[in-house]
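After this come two complexes, each holding chain A, first together with chain B and then together with chain C.
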Partner chain A sequence: MSKYIIRRILLMIPILLGVSLIVFSLMHLTPGDPVQIMLGDFAQPAQIEVMRDNLGLNDPIHIQYFNFVRNSLQGNFGRSIHYNEPVINLIKARVGFTINLSLAGFIVSYLIAFPAGIISAIKRNTFIDDFSMVFALIGISMPNFWLGMMLMLVFALRFRVLPATGVGTWRHLVLPAITVGTAGAALATRLIRSSMLEVINKDYIRTARAKGLMERTVTFKHALKNAILPVLTIIGLRLGFILSGSVITEIVFARPGLGRLMVDSIFRRDYLVVQASVLLVAVTVLIANLIIDLVYGFIDPQIRYD
Partner chain B sequence: MRKSVIFILILAVVLTSSMVAFAENGEEDSIVIGMGSDGNALDPRYVTTASGMYVSSQIFNGLLKLDKNLEYQPDLAEFEMPSDSEYVFHLKEGVYFHDGTELTAEDVKYTYESMLDPDKSSPKAGNYLNIIGAEEFNEGETDSVEGIEIIDEYTISFQLEAPHAPFLVNMNTGIVPKHLAENNKDDFEANPVGTGPFMFESREIDEKTVLVANDDYFEGRPNIDSVEYRIIPESAAAVIELETGVLDVLMSVSEDDLPIIEDDDSINLASIAGTNYNYIGFNVTNKPVDNKYLRKAIAYSLDKDSIAEHFHGTRTHVPLPGSHPWVEEFSDSTAINQYEYDMDRAQEMLAEGDYDGETVTIKTSEGRQELAQIMQQMMSSVGIDVEIELLEWGTFYDDVVEGDAEIYLLGWYGIIDPDAYWFFHSDMTPPQGGSNRMYYSNEKADELLIQGREEVDEEERKAIYHDLYEVLTEDLPMIFLYSEEDSYAYRDHLEGFEAAPYPVTILKQLKNVRIVD
Partner chain C sequence: MANNTASARVIRQLKNNTRVKISLGLIILIIGVAIFAPIISPYDPNEINLGATLQPPSSQHLLGTDRMGRDILTRIIYGTRISLLVGIIAVGISGLLGVIFGTLAGYYGGYVDGIIMRIVDVLLAFPSILLAIALVAVLGASLFNIMLAIGIVNWVGYARVVRGEFLSLKNKEFVSAARAMGANTFRIIFKHMLPNCIAPIIVMATLGMAGAIITESSLSFLGLGVQPPTPSWGEMLNTGRQIIRQAWWVSTFPGIAIMLAVLSFNILGDGLRDALDPNMVD
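The block that comes next holds the complex of A and B.
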């Protein structure tokens, strides 16, 4: 087991190097000069040169990449070209808001998805099933920004019970969480339903019923436990994107999150911010995947780590 | 089952523990201003974005300020001109920075020198290179700028290489305290200290910046106690916040949101002619738009009034060439070809220029995509074959600067002087620095551009710019489309709120705003 974990962690190194190379190349291949964008139209050529020098943008490209990797390993991600603020500070200030929203959205998703998925599987082809599948379809099709604006119109403008934008209290989290959660819920509901349907007709379920177990025990202990593995994979994948998954929602609700920072920085060609954030997201995805792989083993003892 | 109950309980605890009591402070008079994006900096020497300037100019004062009619007024200083190329500023005595130290000529000298200091890479250095010795200092050859001279504690003189009419335009940059700013640029940015009506309190980038009233402001304490600038990128969400009363002021109002704001009785709209214009640029060195007659044909083929009205309804103004409402007194409209919409003239021009149906490409970014489509339609109705190339902003801008474009769509903001040297002079062609992205070169125009900025007498200047516009409308390196009004929305409990054109906006008047019930 510990051997397996160590191997997985070692495997992360080449993956992260690959990610860093790709993001570095993409940013540097994209047309658009950050210094020109930053200094604007009235900048003097000499000034542009000085600033490029200060930022190390005049070094040969492989030296720049090498410096980026070396500094990143030392935890030094440099300064944002646009804000002239250490990248690490910009990211630190935002990570909390993004994780809050992702987790809250995640909870909303599964608070809806588990009951809806299980019930529609058990009550297959009834009105409840149809209803939740239509709900799922709407949830998947509805653009996040539209749902966000509608929630804002109703709860912030019409009834004035919740704030429309900003961060700071749990009340600011409610509408964005519902927005993020709904799309996730739709997918998860369908997945849980089909996963449940697959196991619900298996022999061991019939056996469980035949030996006179209560329906509730059959559903939760025998069916759900076996149906949950594929769901877990999806949960893991979503957890991996906890830092980057809700850009649109962050923009609509004016949340200063990491997703918004990344998108803004791409447009500004703020290389260092983009590179550091992408690396951070990559690390999260890798760790989330590892955790999910480990959790498999606890849920299904047949899975072994060799 | 018990497990799931425990799980739900844990969830409930986690959720409630993150709840923070939401208390509102009703005693202070504070207002909240909504902006679409956050500024890049607050330090006046580094701020380049409009949203940064809104905030920065509350914390700092310049030597001069512009009033809402774009006239120069003394801010920290009065000035006199002993000659056409020398400006002497007399600082007001008894003006204190927020940390209690008095403002002196040393601070002024430091502010301007540090903008020119090559190590400090201030984006504003280019504005001051005509001060004597500024170029040498900027290239690291000298230790100080010869032409900035402290006469006494409260008097400072700026000597220019040659008379330069637009010099005062850049004398409203905020003055920073030398003793705080010279040590560490980053610390100063994190804790900016100026002489302005409001003092810096806190800033969360991309979220909000809070300022509090300066009790000892030299022109009297502001009426309100604090002001918060809140960043709301999505304009529809910002309008909702204005309607719910979370925001008191919204700094820019888009055409789409206008009906909602006009319908709401508790929200007022203040609009004023802007200092901007949208234009169609031609790279005059690239085929096929190197053909002057094709450019003229395009100008005649466009119904500019309809275009302006389509985008901005009545809140627009079709400007005279090279100008907008605020500087158009510098050109005589009756004597300059306006290229009024005329399809027959367009056809004639095409025939004269032997246009043989070559494809013309319009490059644009997303923001002006619709304009490009309208142009395409209008131009093809006179027989010009048009293709649109839609690019992401950074890529588009890079192409235009590097000369890889035929027709491109851009705009200018914050033009407060008719000086157009940066845009049309052949020395200002990239990559030498400057914004002559038309790659336009005409000796006569070059000469007039230099004369225009060296002539200090206003009437003489008007004559020069009139001649210049004649040359420009004949060569037509760009077509001037329209100028938009600047609009601000504010709740009706604010009194003393006045609109002013960008970059003045509501900056200096904010101190006079009060809240009435």
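The block that comes next holds the complex of A and C.
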């Protein structure tokens, strides 16, 4: 097991370097001089030169990349031009809202997906199955920011049962969480259903039934336990999806999270903030996937010998 | 011969599938709306009428008007063009890149495969919409750049499928036979191996259209996509959000348009997958 853990962690290193290389290159893809764009049209040449020097843009490109990686590892992402504050402080002040929303969205999606997926697999080709499959298809096909706006129209503006925008209480979290969770729920419902269907016709399920076990025991102890493995791997991939869903949902509900900061910074040409946010999200997704892989290896010993 | 019966089975499957027929009909309708937009739309999409701002739906303006008195139905009709255009070009870019890299990785294997698959792993670490946002942020917001960005972030899926298919075909007898008969690499790839990947690519491209339309609308919603006054569904929702308290119709109808378009491509993609992938037939 420890061998497997070490190998998985070592495999992460080249990917992390690749991720950092892409994020680093982003700034250099800008058509024109990024410093000129950041400082605006009225910047003095001397000002630009100082800024270039501060950002280390006069160094050879491989030194720049090396410094970028070293600084990032130390949590130093430079200073925001707009706020004149270290980028890391800006992110620290906001990331909590994004994490709360993502977790809540995650919980909502699996609270819907598990019952819906299991029931539609057991009651295959019945009305319940059709209904949840139609729900899943619509859930996947809606832009989540639009769902957020519709929820806001109905529950906040029309019936006034929940607040429309802002943060503070759990009630502020309800509509955004449903918004983030719906698409995730739709995808997970389909996956759990097909995973259950695959297992349900296996010999050992028939054996379990033949032994005279209760249907509930068969479903939960024998079928679900085996059906859950493929679902688990997808949870990791979905995390990036939920995080980016949260980023856009924050705009709809005016939540002061990472997404808001990122989009505002794009319009302010505050590139270092954008760079750091993208890097942070990608690294979070990678680490989450690593953890899930390790858990997976723990649950299913076959994985370790691949 | 075998090919004929296989395609006959596929067509039979598709013909019997009501959902596929309905979604195909909807897609043809959407394409028709895009082509004939100037003929069927009641107004000019950019005609500002300050005497009729924020009108609720009525017999004159079936879906109401926006803050500048522009007819929402007309702008939704014209928005179809942007969504389809972005979808087709973006899917074309990702399909092309994916086939090229997937073929190289699967056919040559070894370190070529190693390098390409590491690039794939790296790109998979980024949520695709976020990478698209970052790309547009540095390249600048324009119609061309969003098509490019959406295309670039989505090729990975195609590459993985093509590579997998190539790896399993590489050692098949018909490929060895073709090689023994003196076929060159080019001929083996294009005549013998790539045709086997067409079915999964068609399925992915159809579902990819759905994804590209949603991504375009998200980017435009954030103000990073198609710039006003060009009518795009996402851009309409962006302005709708700002006045959601006064005018529900501005933010409701463009979203329904997005949902119907995306739903059609998703249903068609699901149907095609069921028909083209014999493993899934039960």
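Methods note: the second predicted complex is superposed on the first by the 250 of 306 C-alpha atoms of A that agree within 3 Å, B and C clash if a C-alpha of one lies under 4 Å from a C-alpha of the other, contacts with A are read in each partner's own complex, and residues count from 1 in each chain.
Operating definition for what follows: a contact is a pair of C-beta atoms (placed from the backbone, for glycine too) under 8 Å apart; a residue touches a chain by one contact, two chains touch by 3 or more.
Keep in mind that this is a model prediction, so the values were computed, not measured.
Student: In the overlay, answer first, second, both or neither for which of chain B and chain C A:Val281 touches.
Tutor: second
Student: Let me test your reading of the model: by the given contact rule, A:Tyr83 touches which partner, first (chain B), second (chain C), both or neither?
Tutor: first
Student: Pick one for A:Thr169: touches chain B only (first), chain C only (second), both, or neither.
Tutor: So A:Thr169 only meets chain B here.
Student: Mind working out whether A:Leu137 is in touch with chain B, chain C, both or neither, as first, second, both or neither?
Tutor: The second partner, chain C, only.
Student: With both structures placed on chain A, which of the two partners, chain B or chain C, ends up touching more residues of chain A?
Tutor: Comparing chain B with chain C, the partner touching more chain A residues is B.
Student: Go through the superposed model and pick first if A:Asn54 touches only chain B, second if only chain C, both, or neither.
Tutor: first
Student: Once the shared chain is lined up, is A:Ile15 touching chain B (first), chain C (second), both, or neither of them?
Tutor: Second partner only.
Student: State whether A:Phe241 touches chain B only (first), chain C only (second), both chains, or neither.
Tutor: second
Student: First (chain B), second (chain C), both or neither: which does A:Ile5 touch?
Tutor: Neither partner.
Student: For A:Ala93 in the superposed arrangement: first (chain B), second (chain C), both or neither?
Tutor: first
Student: So which positions on chain A get touched by both chain B and chain C?
Tutor: Common to the two interfaces on chain A: residues 30-31, 145, 149, 152-153, 157, 251-252, 267.
Student: Over in the complex, which chain A residues touch chain C? Could you list them?
Tutor: Going through chain A, the ones touching chain C are 14-15, 18-19, 21-23, 26-27, 29-31, 137-138, 140-143, 145-146, 149-150, 152-153, 157, 237, 240-241, 243-244, 247-248, 251-252, 262-263, 266-267, 271, 274, 278, 281-283, 285-286, 289.
Student: Help me check something: in the complex, which residues belonging to chain B touch chain A?
Tutor: Result: residues 1, 4, 11, 15, 18-20, 22, 37, 40-41, 46, 48, 118-119, 121, 123-127, 129, 138-139, 186, 189, 204-208, 230-234, 236-238, 240-241, 243-244, 246, 392-395, 397-399, 401, 422, 431-435 of chain B touch chain A.
Student: Using the touch rule from the top, collect the residues of chain A that touch chain B in their complex.
Tutor: 30-33, 36-48, 50-51, 54, 82-85, 90, 93-94, 100, 104, 107, 145, 149, 152-153, 156-157, 160, 163-171, 173, 216, 220, 251-254, 256, 260-261, 264, 267-269
Student: Could you pull out which chain C residues touch chain A in their complex?
Tutor: 118-119, 121-131, 133-135, 137-140, 210, 214, 217-218, 221-224, 234, 237, 240-241, 244-245, 248, 251-252, 255, 258-259, 262-263, 266-267, 270
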